[in-house]
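Pasting in a structure now, in C-alpha cells, and then I'll have a few things to ask.
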Amino acid sequence: MGCNIVTDLSSVPRLRPAAVVINQAWCKKCGICIAFCNKGVLAFGEGNRVEVAQPENCVGCGLCENFCPDYAINLEVADQ
Amino acid sequence: MSSEPRLVQGNEACAEGAIYAGMRFYAGYPITPSTEIAEILAKRLPQVGGKFIQMEDEIASMAAVVGASLTGVKSMTATSGPGFSLKQENIGYACMAEIPCVVVNVQRLGPSTGVATAPAQGDVMQARWGTHGDHPIIVLTPSSVKETFELTVRAFNLAEKFRVPVILLMDEVVGHMREKVILPEPGELPVYDRLKPNCSREDYYPYRADWDKAPPMAFFGEGYRYHVTGLFHDESGFATEKPEVIDLQLRRLHNKIYRHLDEIITYHSEQTEDAELVVISYGGTARAVSRAVKLARQEGRKVGIFRPQTLWPFPEEAVAELAGAGKKLLVAEMNYGQLLLEVQRVAAGRCAVTGCLQTNGELTQPETILNKIREVYEHAPGN
Amino acid sequence: MLPEIEQYFRLEKLPHMWCPGCGNGIVLHCLVKAIDKLCLDQDRTVMVSGIGCAARASGYLDFDTLHTTHGRALAFATGVKFAKPELNVFVLTGDGDCTAIGGNHFIHAARRNINLTTIVFNNNIYGMTGGQYSPMTPNACRATTSPYGNLERPFNLAELAIAAGATFVGRATTYHTKQLTDLIIEGYKNNGFSLIEVVTHCPTSFGRHNKMGSPADMLKWQRDHGVTAMRYENLSPEERSDKFIVGVLHRCEAPEYTAEYQKLQEKFRGR
Amino acid sequence: MPGTWEVRLSGSGGQGLILAGIILAEAAIIDGQNVVQTQSYGPAARGGASKAEVIISQEEIDYPKVDRPDIFLGLNQESVLKYMDGCKDNALAIVDAGLVNHIPPSKARVYALPITETARKQVGRELVANVVALGALSALSGIVSRESVTTALLRRVPKGTEDMNRKALELGFNLGEQALAGAQAGHN
Amino acid sequence: MSSEPRLVQGNEACAEGAIYAGMRFYAGYPITPSTEIAEILAKRLPQVGGKFIQMEDEIASMAAVVGASLTGVKSMTATSGPGFSLKQENIGYACMAEIPCVVVNVQRLGPSTGVATAPAQGDVMQARWGTHGDHPIIVLTPSSVKETFELTVRAFNLAEKFRVPVILLMDEVVGHMREKVILPEPGELPVYDRLKPNCSREDYYPYRADWDKAPPMAFFGEGYRYHVTGLFHDESGFATEKPEVIDLQLRRLHNKIYRHLDEIITYHSEQTEDAELVVISYGGTARAVSRAVKLARQEGRKVGIFRPQTLWPFPEEAVAELAGAGKKLLVAEMNYGQLLLEVQRVAAGRCAVTGCLQTNGELTQPETILNKIREVYEHAPGN
Amino acid sequence: MLPEIEQYFRLEKLPHMWCPGCGNGIVLHCLVKAIDKLCLDQDRTVMVSGIGCAARASGYLDFDTLHTTHGRALAFATGVKFAKPELNVFVLTGDGDCTAIGGNHFIHAARRNINLTTIVFNNNIYGMTGGQYSPMTPNACRATTSPYGNLERPFNLAELAIAAGATFVGRATTYHTKQLTDLIIEGYKNNGFSLIEVVTHCPTSFGRHNKMGSPADMLKWQRDHGVTAMRYENLSPEERSDKFIVGVLHRCEAPEYTAEYQKLQEKFRGR
Amino acid sequence: MGCNIVTDLSSVPRLRPAAVVINQAWCKKCGICIAFCNKGVLAFGEGNRVEVAQPENCVGCGLCENFCPDYAINLEVADQ
Amino acid sequence: MPGTWEVRLSGSGGQGLILAGIILAEAAIIDGQNVVQTQSYGPAARGGASKAEVIISQEEIDYPKVDRPDIFLGLNQESVLKYMDGCKDNALAIVDAGLVNHIPPSKARVYALPITETARKQVGRELVANVVALGALSALSGIVSRESVTTALLRRVPKGTEDMNRKALELGFNLGEQALAGAQAGHN
C-alpha cells in the first residue's frame, strides 16, 4: 500500500538483499538485467535461462529489477 | 415541461426528448440539418446539470459519447450524412463493447456534401451496414415532431436495455418542421435506466450474460475495475482469439437484438385490413403518403399505409404477412430504393413490390405518390 | 517488482504480450510506482489507451481500463473525464496512435487544457503492425515503408504540445526511470493537460531495421543521448545535435476545462 | 382540406420570415388550431429568395409543405418570382410595394402595401418589416385573431423591443384594414 | 515480370497488379492484414517512377488518392475494416465527383478492432452501403493469388472507364496466402486508360455526358481550368440545387454503372447445369467450397458452384436464372449472412435459399460446407 | 476591381454568395493580386478548398479548382501536389475547416514541409453552419453553441504551425490588404509549407453575436488591433494584451517533401 | 496580364481618376466603401443604393475599391 | 487428394517458420509442383505458438489450409501441444529434441532431433534452426529434392549468409538421414 509508505523503498539504499530471485515463468531472456548488472551477478545459463551465477557479488543496487521489462526479477530483502 | 400546446421543431423535440430520457452528456460537431440539436443542448444541458461539449470532429464526438456512457451517464451525439460516415468506426466500437448511446442522424441529400439543406432518406442502408464487420443495430425513424420526442425517449430506453448504440434516423423534413405538440409530463413516458451489477467485484464478469441478453453494466469509478476493448473478448472483457468464444460472443450480440424483436419493433399500420395496396413509408415521406392514401380512398381505392418506426431490425414478420395476404406493396422513400430491397426480400415473390422513389432534394408530393398508387393499383400483377 | 505495487497489476495477465526486451514494460513499471506514490484511489482511476503495442498497457493494469480505437484514446478519455471529473484519468498511447491518426485529438485536448495525464510511448515506429515509420521516426531511418530511409521530419512532440496549449510537458526515457516516475507524478498533479513523452525502445520493429543492437544496447543509447536541461545548456551545438533533453520542459497555468464547465453549471443550473 | 389555410411567406434571407412564420403559427395555436411550419433555405440562407410556410387547420395536418397557398406574402422581387406561382384562385397575395415591381400572372387578389417603407419610416427600423407584414396579413385574412398574434409576437421578441414590435404590428394591422376598405390592387 | 512461375502472396499480387495496370500513386496508412501492399509499393513505386506516401490516417489517404487522380495518375489505397470505415466519407466524394481510383479492403474479423489477423468477410454490405447517400459502386473480390492480380487490373480498368472508385474486396485468406503463379507479361491483360476530352477549354463541360456515360476527364494542370465539388453540380461542375438537375446527374451516376452490367459483372460458374444445389461463394471461402463440391460430387450429389467475382452490382440475372431453374441455393460466406440477403431477394421465393455462415475467425472447413450441402440437398424443400 | 485581374475570376459566378460586408471577398482580391504579381501560369495553378463559407472561394477563381470535404483540403492538396509537383497549389480554408476537423492534416502537412501555400480565412467562427464556436473563437465570446460565452481557449495558429514544422508563417487581416498580398507572395515563394493566417470578419455569424457593429466597424477593429512586430515590441504588456502581430512571423529552411521524393525516384528508378 | 506589369498599379499614387463607378448588380450595400472614404465621396441613397454623392471630392486613393468585398467599385482612370 | 502433401511447420514467433515454409514451397515449385502456403499469426506474432503451412501437389489446390498434416514440424513445446493434433496416421512428425518434452498422443512417426542444438553448436547461430529443420524434413520426407531446396534457400537468404545457411541445411540433411537410418523415436 503506497499510501502507508512515507519514503519510497527503491530510493533508500538497501541492505544487502538475501536473494535475487528470477521468475522464470515471466522472464523473456532479453538480457537487459545481465547487461546492466555491474557486478556480474547474472548470466545466461542453459537454454538462455537467466541465472544468478554469482549471488555473493550482489550489492542490492536494484538495477536489474528496475530495468527488467517483465517484472521477472525480485530483490528479496532479508527479514531484519 | 408543461402540458400547454407549444410550437416545437423536430430537432428541438429530439433535444428535449433526450433530456426527458435522462440524457446528460452530449458531444457533437455542427452540421446542417442537425445543428439545432446541438445549439439547444448547449443552452439546456448546463441548466439541468448535464454536460455539452463541441468536439473537434465527429469521430471525437462519438468517442467522447462512448467514454461518457461508461461513467454511467446517458449520452448522445447528433449529426448528418458526412458526419455519420465519420462516426462509423466508433459506432462499431460501441456495438462491440456494448456501450449504450444514441446517435442521431438528421439525413440530408447525399452522396458526399450533396445539398446540405435538402431532404433525403439516403442513409437507411448505411445506418444498418455502415461500420465494418457484422454487427446488429437498432434504427428508429420518426414522422412527426411528437413522434421525434417519443422515439428519442425510446431510443434511450432500448440503448440502455440492450447495451447498444441506437440510431435515431431523422430527415430534414422532420428535423426542421415545427408542429403543435403537447410535450409529455415527467412520468408519462417510461424511462429505462441501465442495469447495474449487484454482485461483488470478484464475481463481476462484464460480458457474462445469457445467450440472448446484455450483461449488467458497472460504471467506471465505482470499484469494479474492469476492462473494455473493441477486440473480441471473453466474458471477462479481455481479448481472445478462441474461435468458440468469438462465436459465442458475436452470437450473443445478435441474439440480444434478434431474439427481442417484440420489444424493439414498432410500426404504425392504418387501413391495411381491407387494402389491396399498402404503401410502406417512413419519416417525412410518410406525411405525403398519408395525404395520398386519403385521396386514394376518396377515389374508392382500397389503400393502406404501413409505417415502420423501427427500420432495423426490419419488421419482417408484419411485412411478410402483408405479402402473404397478396396485397400489392408500394415503398415510398426519398432515395434510390433502399428499404425497397428489404421489402422485396421479405415479400419473397409473394406479391408485387414497387417503389415510389424520389432523390431530387425535394419532399415527394402527395400527387406523385397518388399517381403511383393509381398505376400500381390498376396495373401491377395481383396474385 | 516491488511487492507493494503488485496490487496495481492484473497479475494473472502477466507475462505481458510484449517482445523480449521491449521498453513498454519499464514504462508501466514507472507508472505504477508513480501511482503508488501519489496514493491514488485505485477504484477512481481510469486508464484509457488506443491501439498499438503500447496501448495494450491498459489491459495489464488493475483499474477501470478502456482500450479504444486507433488514435482516439484522448477523445474517449475526454468523454470519461468531462462526464465524471472526479476520476483520475491517464491516457496511454503510442507515438503513432497519438501523433499520426490521433494528432488532432492531441492538439485539441491540449488546447482545452482538460485534466488528462497523457503518457506517449515513443518508440519511433508503428510497432504493432510490424515496423512502418511513424511521425516520430527520425529522418533517414529505415522502416518497412521507408526501405530507402525516411524522407520525412519527425514532430518535436513537446513543442507541438506546448504550442497547442498543454500546461505540463515533460520527457524521459525507459533508461531514466526515476525521472519518468517523477514526471508522471508532476504531470498528474498539474490541473490541466499534461504530456509525458517517454522515449522507449522497440527492439523488434525499430531496433532491428536500424542496427540498434540488443535491448540493453538501446537502453544504453538512451542513457547516452538523453541529457538534463542543465547539461544540454552547456553542450556545444555539435554535441547537442544528437542529444535530447530529459526532464520538465514546460509548465504554465491556465483554466482547466472541466472546472470551467462546472462553474458554468453552477451558475445556470435550474435556469 | 376543409378549414385549412396554407400560408407562404417569402423574401430575402435576412428579412425574418421564419420568425414571422413561427409567430403566425403560435398565434394559431393560441386560437386552438393545429399547425405545421416549415421553411426552405438557400445555399446558405443569405440574400436571394427564401420562404417559410405555415399550414393552419382544425384537422390533423399530414403533408407539411404548402402546395397551393391560400395566402402569399412576398417581401422582395426574387421571392415573388420564385414562390408566388401556384397560388390558389382567389388566394390572398401581399407584396411589398417598394421592393416588388413585377408580379407573375396569377388569379390571386394582390395587395401591394408599403411594408418596408412603413417599417423604416414609421418605426425607424427596416428590421421589423416582417412584423408589419404579419399585422397586415392578419388583418387582411383574419386567419388569426388580433389578440393571439399580439400575444405570440410579444412572447418571441427580445426583451426591450416589445414596444417597437407592438407598434410595427399595429401599423401592419392598419395597413391591412385600410387595404380592405380601400382599393384592391387589381387582378393581373 | 517474367513468365517463370513464382511463389506470390495475395497482397503482393495486388501490388504488382496495380503497377501492371499503370497505378503510379499510392497513399495509405498501415493496417493488418493489408500492410504488405503498402510495404511492397513503398519499395516498388520509386523504381517504376511512381509515388508512395504514408499519410497521417486513412481519411487523408483517401483524400490524397482523389487529389492525385485528378492530375491524371492512376491511384490506389489499401486498408482493412477500421480504415475502410474511416475512408467512407471520401469514397462518397469520389463517387459524387466521379474520380477514378481503387480502394482495397483486405477484410479481417470485425466489428471494431475485432481480431486483426483473423479471416472474415464481414464488409460485403459496407462495401456497398458504407457512405451516406445513394451511390453506385463496383466491388470485385478475388479467390486466388492469380485472380487477385487479374482483378486488380480489372478494378483499375473499370475505375478509369466509368470514373468511379472501385473497391477490391479481399480477405485475409487470399491476402496472406502464397501460391505458385505465372504473372502476366505486359500486354497480356488489357489495360484501359482514362478518356480525356478532345475539345477546347471553352467547349469542355466536365460533367456533360450521355445519360448512361461517364464524361471524359481533363487532368489538372492541362489548361481546362474546371471545378470539382462534392456538392450536387450541373454539367459545368458548379453547385446547383435545382431538383431537375440533381435528378438528372444522380440518375446518370447510377446508369453509367447499372446500364453496363455486362461489362462489369463477371462470375465463375462450374457444374451448375445439372446441379440440384448450387453453392454461392466468393473469396477465401470459395476455396473451401471447391473442395466440398468435389467431395459432394464424389458422393453422387449434383452440386455446382457459383462464384461472383463482381459482388456489386450483384450478378442478379445469373442468380435469378439459377433460382428460376429451381436449384437449391446455399450461400457460403464468413459473416452473419450478407450476400445471403441479396440472394434471397433475387431468388424471390422461387427456390430454397440457405446460408452456410461462419464468423469465428477461422476459414470455413470443407467438411462444414459438405455437411451443410448434404443437409440442404436432402431436406430443403425443392420446387 | 482592377481590370488586369479580372482574368483570374470566373466572372459569371459573381456576385459571390457571401453575405454583405463579409471579409472573404477581400481575401480573394488580395490572393489574385498576389498571383498576378507572381505571374503564375493560370493553367498550372490549382486551388484546393474544404467546406465552409471561406472554402467556397475556389468556385470563383479561374484555375483548376477542387472543393473537397470538410477539413480535408490539405490532404487532397497533398495528393495533387505530390502527384504533380510542377503545379502551384494553393489551399483556401476556414478556421474551422483547418483547425477543427482538419487540424491533423494541418500539422502533418507542416511537418512534411510539402510545398503548399495555405491561406486560412480566420473569422473565429463556423460561418457556414450559422455561427458555432470554432477552435479559433476567443475565450468568452458568444456563439450559438456557446450561449454563455466560450469556455475554451483558441489556438495560436501561427505557433502551432511553427511547432509542427511550417517553414513560412505570416499573419494579416482583411484591413491589411497590402501586407496580405505581400505575405501570399512570400508564402508562395517559400519552397515548403507556408501558412498565411488572415484575420477576416464574419459580420453575420460572429459580429452579430458579439456586438462587433457593422462590417466597416469590424475592419476598423482589425486596423486597431493588428500591429507590426516592431510596434508590438514597443508596447507595454497591457497594451499588448489585445493586440496581435501582422507580418511575417516565421521563416526557416528545411527539405521540401516532393523534392526529396524526386531525388529518391532518380536514385532508384529502374532498380 | 500581370506579367507585363513591372510595378503594381495600386501601389503607385494615381492620377485623379475620371470616375468612381459602382457596379450595382454586384454591390451588396454593406457600407464599407462609405465608411472608409475619407472624402465623403460615397453615400447611401434611395433604397440603400450606394451613390457617388460628391464625385468632385474623390482623390483616387482607391480605398473604396480596395475594401469592397464584392469588387463592385471600379476606379476608372481617365485616358492620359 | 492423390499426390498431395500437407505440411505444417510450427514453433514460436521468432523461429523463422514462415520463411521455412516459403523456401519449402519455392523448392516444390522448382520441382514442378503446385503449391499453396499460408500461416497463422498470434496476437502480434511474438513468442507463443505460430504456424506456417504448405500444401504441395501435382493437382490444382483448392482449400489452402492444412487440415490433417502429412508432415509436421514442431520447434517448441507450446506449438507441439497446439498444432500437432490432427496429423494423419503414419504422418511424419519432427520435433526439437531440446525444446520439446511432451508429445500429445498421435499415430505419427515421431522423430525428436537436436535441431536447435545443432544450429547453436555446429553453426553457431540458433537463428538458423529453421534451416536445419528444413534440411531434416526434406531428407526424411523426400518431399522436395535436395537441389531444389538448396536453390530455393540460397535465393531467399541475405547476401553474405549463404555459407552459413548452406551449412545449416547440410547439417539438417544429415540429421534426417541419420534418423532414417537409425532408430525411430517410437510411437506414443
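A, B, C, D, E, F, G and H are the chain letters, set down in written order, and residue numbers restart from 1 in every chain.
In the analysis below, a residue touches a chain if its C-beta (ideal position, glycine included) is under 8 Å from a C-beta of that chain, and two chains touch if they have at least 3 such contacts.
Protein identities per chain, from UniProt: A, G = 2-oxoglutarate ferredoxin oxidoreductase subunit delta; B, E = 2-oxoglutarate ferredoxin oxidoreductase subunit alpha; C, F = 2-oxoglutarate ferredoxin oxidoreductase subunit beta; D, H = 2-oxoglutarate ferredoxin oxidoreductase subunit gamma.
Please read these numbers as outputs of a predicted model, since none were measured by experiment.
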(request) If every step must land on a chain the current one touches, say how few steps get you from chain A to chain D. (result) 3
(message) Measuring between Cα centroids, which chain is at the maximum distance from chain F?
(response) H
(request) Averaged over CA atoms, how far is the centre of chain F from the centre of chain H? Could you give it in whole Å? (result) 61
(message) What's the distance between the Cα centroids of chain A and chain H, rounded to whole Å?
(response) 39
(request) Averaging only over C-alpha atoms, locate the centres of chain A and chain F and give their separation in whole Å. (result) 58
(request) Enumerate the residues of chain D that touch no fewer than two other chains. (result) 42-43, 47
(request) Please list all residues of chain A that touch 2 or more other chains. (result) 28
(request) Pull out every residue in chain F that's touching 2 or more other chains. (result) 18-20, 51, 69, 101, 103-104, 108, 135, 148, 261, 264, 267-268
(message) If we count contacts the way the header does, which residues on chain B are in touch with chain C in the complex?
(response) 25, 27, 46-49, 51, 53, 55-57, 59-61, 63-73, 75, 89-90, 93, 220-231, 238-239
(request) State the interface residues of chain F toward chain E in the complex, per the touch definition above. (result) 13, 42-44, 46, 48, 51, 58-59, 62-69, 72, 75-84, 86-87, 104-105, 108, 261, 264-265, 267-271
(request) Quick one: which bits of chain G touch chain F in the complex? Just the residue numbers, please. (result) 1-3, 5, 8-11, 25-26, 28-32, 34-36, 65-72, 74
(request) Would you tell me which residues of chain H are touching chain E in their complex? (result) 22, 25-26, 29, 33-43, 45, 61-65, 67
(request) State the interface residues of chain E toward chain H in the complex, per the touch definition above. (result) 5-7, 117, 173, 176-180, 284, 287-288, 290-291, 294, 363, 365-366
